[in-house]
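Shared chain: chain A. Partners: chain B in the first complex, chain C in the second.
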Partner chain A sequence: MSIDLLVQALLNGFGLAMVYVLVALGLTLIFSILEIINFAHGEFYMLGGYVTYYVYALFGLNYFATLGLAIVTVGLAGVVAERLIFHDLRGKALNAFIVSLGLLWVMQAGAQLAFGVLDKPVPSAFSGIVRMLGLVISLERLVVTVCAIVLIVGLYLFLRLSRPGRAMRAVAQDADVAALQGVNIEAVSALGFGVGCALAGGAGGLLAPLFAVSPAMGALPVVKAFIIIIVGGMGSLPGAVLGGLLLGGVEGLGTLFMGSAAVNILGFLMVIVVLLVRPRGLVGGA
Partner chain B sequence: MRIRGGTAAVVIMALAAAVGTATPGATQDKTLTIGVLGPLSGGAASYGVELVRGAEMKVEEINKAGGLKVGNDVYRIKLVSYDHKALAADAATAANKLVFQDKVKYIIGNAVGATCNAVQTVTEPEKVLFSFVCWGTNNLGPDKPHSFRAMLSQWEVAEPFYRWVKDKHPQIKRVAAISPNDTSGKDTNTAVVKALKGLGFEVAADEYYERGTKDFYPILTKILATKPDMLDVAAAPPGEAGLILKQARELGFKGPKGWTAGVNPVTVIGIAGKEAAEGVWSPANINVKSDFVSATVRRFGEEYERRYKEVPGVIAVANYAAFDVFTKAMQDARSLDTDKVLAALTQKPFDTVWGKLVLGGKETYGIDRQFLYPVVISEIRDGKVVDIAQVLPTALKK
Partner chain C sequence: MAPSSSKAASPPPAARRGAGAPAAGVALVALAAATLPLVTRDSYYLDVATTILMNLTLTMSFRLQVSTGQINMAHISFMGIGAYASALLVTRVGLSFWATLWIGALVAAALAVPIGSVALRVSGPYYFLITFAFSEVVRLVFNNFLEGWFGGPSGLVGIPKPDRLLGLAFEGKLELYGLMAVLCVGVALAFVRLEYSRFGLTASAIRQADLLAETLGVDVFRYKLTTFVLGSFVAGLAGVFFAHFRQVLHSSDFGLEPMVLLVVFTVIGGTGSVWGPVVGTVLMTIAGELLRELHHYEILVFGAVLILTMLWAPEGLVALPATVRRLLRMRRSKDARAMGVGLAP
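Entry: the complex of A and B
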């Protein structure tokens, strides 16, 4: 097996890892602020895909403008979901678990009724490949990866530097103390849920031209997202990036040596090993 | 931001849960309820949608004409359909609902091999007549006398297709095949590999992927490293076949492409794009606008397009024909008793939308339960499906 092939396999694995990291960051952000796990997170990713399909593929709006629209639309949908559904479930993990599963089914069935069950193709925004040192890199995937990195950096700066971002971090650390300091918990919860969903919507918009869109498209990225946040660092942003790269690398290289069914369980094996050896995740705090 | 490790395992497991949507129905006097199963959502949804649509068209035709006259009784036909998402467990649940709750004696329509095996665990003991388009070899056999395949399978098309490839494109020596990792996929690749070896081709790769895969870069990198002359997306459903072809092109593959089990090239063109889909050969498809098809098929295609705003693939035509064959057999038997209908089914050829259709396949499966009709090889040219040759399956020649 040539070095070129190994490097190409690694490159393939890393290619989309950053997009799944976006989904993972949204999930972990919502968990941190509302202390609930949103099982319908993949459906917000799906919504981002459909916004891209209708606005970019059908109406021909500029791809980057469409991406921005997908992020804003899905973010607003997230705020609405938080206000109408999750608002009273803050900290009630079991109740939220059941409700979010219900929301998952409602959104999937709603998408089937509204958009149809068949895959809808979204034309490539960027065509062509870059050949370098015997490696092949799709221009489209390169752009998607760069966009995902920009969004991750944007989230980091938002959480670090902006007032609402600092409020979200304060609520994530201790909601009661944050409230005593004057932080509006209600507003921060809605904003946190909205930002989390917006990240999923952005990921859906990024991958729509690569994979087409369908009502069930949210299942796979959300599974990968859970693996990433468990392996990488239990809520840590650098940990999520590391988890994404690890998962991508393991899956990319694994395909060269084993069948697809075996490769699919590698991520879960990583989860088991991490939970046994370092339950906080590779970069997670105490 | 923190998430507890203990919650994580629960999260992953809960994500695997899946339940099908259903259209329940109830049997009434002088109403014949017929079941249709299929993946109506997910990557293989186009199969299920076409099955239901083909069934709907034939049923509406019969009901509009006053119903189905069987002996002295006239029946209105009622369809009951369930979505099994191409999952065997969901298919078994749906089959149980159809047989024990909806009391159907006929299930006409199902796709994806592993789901057919699951359905047969219910239909065979209950003597329910079951027609499907699944490509699993073991879906037919002497131990499954109530099961019928309504569409040519890999065993009928792979050999004549690759015989044609060898004859018309002798420069092709090495072929790589990729299919889903399930019964349909394994059987299709097995048939393709057998045909390739029998005809003197080299098998560059014989690979499988999990259904629902979207990113084929890893597996394609492995396949393209074997330097195949031709890539066969053998049993991949249209959505996934389109992604494979698109991503293979992105990775630099520009050789000939086949789709031995290809059933809806129009979807492939949409997903893959015109350039990546260009030149794909498919021996299992039907182009309802082609010169090779009868006027009946063309009329069916026009009506289908009027109703559903899409061009029908082969599965819609196959299930329409299956309803035609089964309802004619009921009339021949003058009874809805499945033993009598079974006897009528195997007695003579039927005039259908395919033209003359015979039940054969004993040489391959040990029992004559395979619908046989001519193979038409099509090619995608500039975003259009063009029929380029017609060949007969070996069994039909006999």
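Entry: the complex of A and C
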């Protein structure tokens, strides 16, 4: 096997993994602020896919403008979900988890009723290939990966530099102490949940042209996001990026040796190994 | 592993007080199950009733684990392991159903020991995710690996019905219903006995404050693992029945959707009492049958009911009278705060 083939396989894995990192970052952000796992996170990704289908594929708006719209719309949906359902469940992991299972069904069935059960194709925004250093990359995948990286960096800067971002980090570290310093916990929770969902919505918009849009499309990315945050460490943003790179690398290399359906099992095996060796995840704190 | 039966035979006073009600409850379930064939022998109703009893064994064993604070998202997988194990042993090895009924359940329990040991190293949200990850592994294995054995994406077909026992043929719906009823009442008896034993009290102590229980000398890990293995055994038992009742197995029978359905049944009934799953399973299965024609609405309604239950009555339907009473009392004396609301404080 040539080195080129290996590098190519790794590159393929990393490209998609960056989008799954977006989904995982949203999940882990929500976890760090509200201490809950939102099992319905994939449904917000699905919502982003449908926004893209209706606005970009049907209405014909510019692809990047559509992406922004998907992020904003799904973010608002997240704020509504937090206000209506999750705001009282801070720290009640078990109850919140069960509620999110209910939300998963409501959103999935709602999408089936509203949008129909059939897959809806979204045309590619970019076609052609790019040749770089002897490697061949599809332009579309390149754009998707670059967009995902831009969003990840954007989130990092938002959390580092902006006032609401710093409030989020404060709440994640210690909600009570943050409240004593005058941080509005209610507002931060709503905003954090919204930002987390917005990231999922963006990911849905990015992958909509690659895969078709359907009510069940959220299942795969959310499973990958779970793997990423367990491996990286729950609540850790650098951990999510590291976990995503690891998963992408393992799956990319895995496709050289086994079928694409069988590759899915590698991630789960990774989870089991990590939990045995280091239950807190690679970057997880105490 | 479980505390010795001599301990279970002499429960502390708190448990003995309610000892009459549980026996009456099991008798009521047994009586209801026995009278159904006298009322109707319509194959549709028998089918629904059999499904209810099968779901009951699943939800009661699921609740046993919830009662120690675990939401085991892989519970349905142990049902699948029992089902596939029995189906293969009957069709490939030629064993009798009456042997594989127990072997299948034992296989599920045996696999639950290492899996539970890994999963129980973590708690809280990690536990939900690791068990979910495990259930996906099992589903993927059934769907994509060893296709010659598990049948791959098209499923495992041609599983025979249970063979004759004591001159009884298990060909018709009525006999299969009777078999499931016997299994279910047996499981219910065992669980109710367990609930009011020292074991049940300890489980409840672990749910309420596992750290405190640990400091009082309870080996929390061993208790959780015992409930995990015991629950998996019962799930395996239900799985074996399922395999020979439906005669077709598909990996999606053991995926996320049926698992969430178990959560819906158990949580809506209430996880604080052994009767919660009974109420939830019977009511929601019947509701599901009424909504059958409208599949999307069924899922929508179930999801909404699950959310509303968790937000407004997290202790479930069986605790509703007590919840209402407490709310009324709270209204009367403003400073009395609701204590202990929720599954796991």
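Following the convention adopted for this analysis, the second predicted complex is superposed on the first by the 278 of 286 C-alpha atoms of A that agree within 3 Å, B and C clash if a C-alpha of one lies under 4 Å from a C-alpha of the other, contacts with A are read in each partner's own complex, and residues count from 1 in each chain.
Assume a contact is a pair of C-beta atoms (placed from the backbone, for glycine too) under 8 Å apart; a residue touches a chain by one contact, two chains touch by 3 or more.
In this text, all values refer to a predicted model and were calculated from it rather than measured experimentally.
In the model built by aligning both structures on chain A, chain B clashes with chain C.
In the superposition on chain A, contact is made by A:F211 with chain B only, not with chain C. By the touch criterion defined above, A:G252 lies against chain B but remains apart from chain C after alignment on the C-alpha atoms of chain A. Which of chain B and chain C touches more residues of chain A is settled by the count: it is B. Look at A:L5: by the touch rule set out above, it reaches chain B but stays clear of chain C. In the superposition on chain A, contact of A:D88 is made with chain C only, not with chain B. Of the two partner chains placed by superposition, only chain B is touched by A:G13; chain C is not.
With both structures placed on the common chain, the touch criterion links A:I37 to chain B and to chain C. Of the two partner chains, chain C is the only one that A:G102 touches; chain B does not reach it.
In the superposition on chain A, contact is made by A:I227 with both chain B and chain C. Look at A:A187: by the touch rule set out above, it reaches neither chain B nor chain C. After superposition on chain A, the chain B segment that clashes with chain C is 115-123; the remaining candidates among 115-123, 133-141 or 295-303 show no clashing C-alpha atoms. Residue overlap on chain A between the chain B contacts of one complex and the chain C contacts of the other covers 31, 37, 39, 93, 97, 101, 105, 108-109, 112, 219, 223, 226-227, 229-230, 234, 259, 261, 264, 268, 271, 275, 279.
Listing the residues of chain B that touch chain A in their complex gives 1-9, 11-12, 14-15, 17, 19, 21, 40-43, 45-46, 48-49, 85, 181, 207-210, 212-215, 217-219, 221-222, 225, 238-239, 242-243, 250-252, 267, 270-271, 273.
Those residues of chain A that touch chain B in the complex are listed here as 2, 5, 8-9, 12-13, 15-16, 28-29, 31-33, 37, 39, 93, 97, 101, 105, 108-109, 112, 117-119, 121, 123-124, 129, 131, 136, 138, 140-141, 169, 172, 207, 210-212, 214-217, 219-220, 222-223, 226-227, 229-230, 234-236, 251-252, 254-256, 259-261, 263-264, 268, 271, 274-275, 279-281, 284-285. If you check the complex, the residues on chain C that touch chain A are 69, 71, 118-119, 121-122, 124-126, 128-130, 132-134, 136-137, 140-141, 143-145, 256, 260, 263-264, 267, 296-297, 299-300, 302-307, 310-311, 314, 342-344.
Chain A contributes residues 31, 35-37, 39, 85, 88, 92-95, 97-99, 101-106, 108-110, 112-113, 219, 223, 226-227, 229-230, 234, 259, 261-262, 264-265, 268-269, 271-272, 275-276, 279 to its touches with chain C in the complex.
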